[in-house]
Amino acid sequence: MRLLLTPALLVVAVFAAALSALLRYSVLEFVPGSLQTGGLSLGNFTGIMSRQYLGAVWDTVVLSAATTGLTLVASYPVAYVLARTPSPRVRSTLLVLTLAPFFTGAIVRTYAWVLVLGNTVVTWPVPMLFTARGVLVGLVHFSMPTMILLLAAAISHIDPVYERAAASLGASPARVFRRVTLPLSMPGVVSGSVIVFAWTLSAFATPELLGGGRVKMIANVVRDLALDSFNWPGGAAFAVFALAVTLGLLAAVGRLTAGSERSA
Amino acid sequence: MLRLAVLLLVAFMTLPTLVVIAVSFNPTAILSFPPSGLSWRWYVNVITYPQFQRAMWNSLVVTLGAVAVAMPAGTAAALALARAPRGASLWATLLLSPLVVPGVAAGLGFLILGAALGLLRSRAVLIAAHVALVLPFVVRSVWVSARNLDPTLERAAASLGATPWRAFQRVTLPLLRPGLLAALLFAVIVSLNEFVVSLFISTRLTEILPVAMFTYVVNYTDPTIAALSTLFIVGTVVAVWLADRFLDLGGVFLHHR
Amino acid sequence: MLARLVVASLLALGLASTPAHAQNALVISVWGGNWKDTVEKVIGKAFTAKTGMPVEFEVGGTIDRLAKARVAKGSPLVDLTFTTSHVGRLYMSDGLFAKLDMAKLPNAKEVAKEALRSDYQMGGWSYVYTIVYRPDLVKEEITRWSDLWKPSLKGKIAMPDFDPSHIITIAALMEGGNEATWQKGQEKLKALKPSIAAFYSTDAQSQDLMKTGQAPVQVMLSVNAYHLQEQGIAVKLVQPRDFPGIVGIDCMSVMAGTTKADAAHQFINLALSKEIQTELAKALKAGPVNGGASVPAAFHGQLGIFLTPAEWKAGAYIMNDEVRAKNLPAWREWFTANIVK
């Protein structure tokens, strides 16, 4: 078994080397204007505590939460129809519409919103492009396919017998949804929400193209620090911070869901 | 009511795409919708713009290289995981870990590493990064198939005199085909569309297509990217539709009753 | 089938490990959009016709290209760089430029001495940074820098995020200081914050913001404003009555460590010739540096089209390049911390 695992482990080792280079730089002092670094220092991390960076962190968390919530609400109906529709044509169409965006990449998908939000089709009553609400729209649009697929998978596992039983006992469709469908689809709701939230925390292309320099999420700040200010140590520290937040989030959710599984 | 909601949501999902397609035919650089005329000039620009040509070639080389390494490595790992289910979850977590790392963290890490090793000039760092990013998808996809392998089949081949390699080639590999196909598909898609990490470690000469597109969007105001996007969109819609028609994609994601 | 796959992969890996080369071409680092188009059409074509050497371009924003040059220090990926005169000093202090060999630039004799910004930078053309706005979207006439602070312009202004030197200097001038004593203008700048709709990091973004009407008032350079006019967007350039616009001079420099220094010098020399300078002035609607270049009569008197470098001081404000370059990092940091966010 060891032999079979070795090549893959080598690849992971390369990845780990990249991450340890990141970690190493995060604790080195930044020498402005050059790639050389000073000695060991926690200055980069204390630098994160400034208003400007914490602001970006807060904005990222708020945007990610809003994105997750809106995406969930927008995706559920589509996922339900995708999972339950008896018509193979409807199912096929919805599937193609949901899957195709995955294969077109972030730039193609975000550029479409640069056009739409940029007053090309309609002139918006409030500015959309280069604002937080524009970025939110882009993020929701980007996350919907993922959420739809995860929700649809979960819903498709629910035996329709339960829903029919509830209906036959006199429950209205809304009640069936609230008492039967939604609770039974919870694993999908949770996993979809976690994945969308975690992904959105690291979002880069959408805020970069739709944010106009005013809406910066954590990933954009890392890029600015590393590629514009040439501050590799500072960018590394912020990136390590983002990594820690993501891992912490996943660990917390993992613990919560593990707990609920045991009590079920 | 549900139907109306779904219709509106589907419209939300697809309208931007329609706008892109319409704008790609705009005859002038000033974007208007509906377009003031029809012109192929931006499509011509896509094909003739030297940096796109270079980027398409880079994408091909990088993706081929990444797939060439990730497929065998990931398949071997998936088999190892399937055969030793007790230790599997720990190794699996390790192998799938690149998935949880934010793109900018991996990107900057590879940039620092690449600069230290003086490798930023060649595509080596790009390919290494792509392999690492693509491997989890390969492992995952093949593992699903490998889990359902009946070990008695390989043992039967061995008892009939086949060497382990031959047994693998003639028995295991064909049985793994669905997982392998899915792995290949994911690997290619992920690598072709990889943007954030590649943004950090590309130079003008090595940049792959998504990075070249990003550079173009930020530095030019004409709808060339709309044309390129349309080509992408049409290509993938056709591919996905075919996959659903002949490979039952629905069955991959949804539970059949 | 397996064998074929293996061969194909080995081939790909082999291709991949060879460094990506662009063998023969002279590689030029310049801004995108109309800038690259003009350099390509006016200078590049003539250069290739004369020398037979093709020209390639690395396109990006001002600071983007500086960052890329820093990473490639020692073995540059480009041979010649166009950048602004003050950011060029940042390249210089990083040791990224080679000293210009004036013996290889005979046309420099026809060029005003102010155009040679330093031993490493040869000016190619000039323009002015001023207020540009869309009269169809902003009804009130804008005539002074101080108008930008008017409440009616709340949320309507855009300015560059990569180089805040213009607005910082203007704010300092308004408070009786200048670029060296820029702290005097800090409070004034903070008061401008609510008026800002967006920041642009490239010329293309600036033009987009103007086209869509998202930011109909901008601190923009004259060449980009004229480019918008040519595309049919009616914008108005302001000659502010309280303080002048800020002069911008774009310079050409040879990269330290390039293998094509001779060709790079030839390119610069060509760009300085009367004929090319005339074409550049016409195409960009910018001020030439060669006194012998003829600017069309229709352009005379238009903002930013200085007929000679002597007009720079007379018609606008020239910032001290050294002070500007030295302060730029601090300015960017302060600006990002206090204004952008």
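We just call them A, B and C in the order they show up, numbering each chain from 1.
Simple rule for what comes next: a residue touches a chain if its C-beta (ideal position, glycine included) is under 8 Å from a C-beta of that chain, and two chains touch if they have at least 3 such contacts.
The structure displayed is predicted, hence computed values, not measured ones.
Think of each touching pair as a link: the shortest run of links from chain A to chain C has 1 of them. Relative to chain A, the chain whose mean Cα position lies farthest away is C. Looking at A-B and B-C, the interface holding more C-beta pairs in contact is that of A-B. Between the CA-based centres of chain B and chain C the separation comes to 37 Å, rounded to the whole angstrom. Here the spacing of chain A and chain B, counted between their Cα centres, is 18 Å. Shown for chain C are the residues in touch with two or more other chains, namely 71, 201, 205, 208.
Listed for chain B are residues 31, 69, 115, 218, each touching two or more other chains.
Among all residues of chain A, those that touch two or more other chains are 35, 118, 120, 227. By the touch rule above, chain C contacts chain A in their complex via residues 63-64, 67, 70-71, 90, 93-94, 155, 161-162, 196-201, 205, 208-209, 212-214, 329, 332-333, 336-337, 340-341.
Those residues of chain A that touch chain B in the shared complex are 1-2, 4-12, 14-15, 17-22, 24-25, 35, 74-75, 77-78, 80-83, 91-92, 94-109, 111-116, 118, 120-121, 141, 144-145, 149, 152-153, 156-157, 160, 198, 201-202, 204-205, 209, 218-219, 222-223, 226-227, 232, 235-236, 239-240, 242-243, 246-247, 250. Taken together, the chain B residues at the contact with chain A in this complex read 2-3, 5-6, 9-10, 12-17, 19-20, 23, 31-33, 69-70, 72-74, 76-77, 79-80, 83-84, 87, 91, 94-95, 97-98, 100-106, 108-113, 115-116, 128-129, 131-132, 135, 139, 189, 192-193, 195-196, 199-200, 210, 213-214, 217-218, 225-226, 228-229, 232-233, 236-237, 239-241, 244-245, 249-250, 253-257. Those residues of chain A that touch chain C in the complex are listed here as 32-35, 50-52, 55-56, 118-120, 123, 127, 129-130, 212-214, 216, 227-230. Chain B contributes residues 28-31, 50-51, 58, 61-62, 64-65, 67-69, 115, 120-124, 127, 169, 203-206, 215-216, 218-221 to its touches with chain C in the complex.
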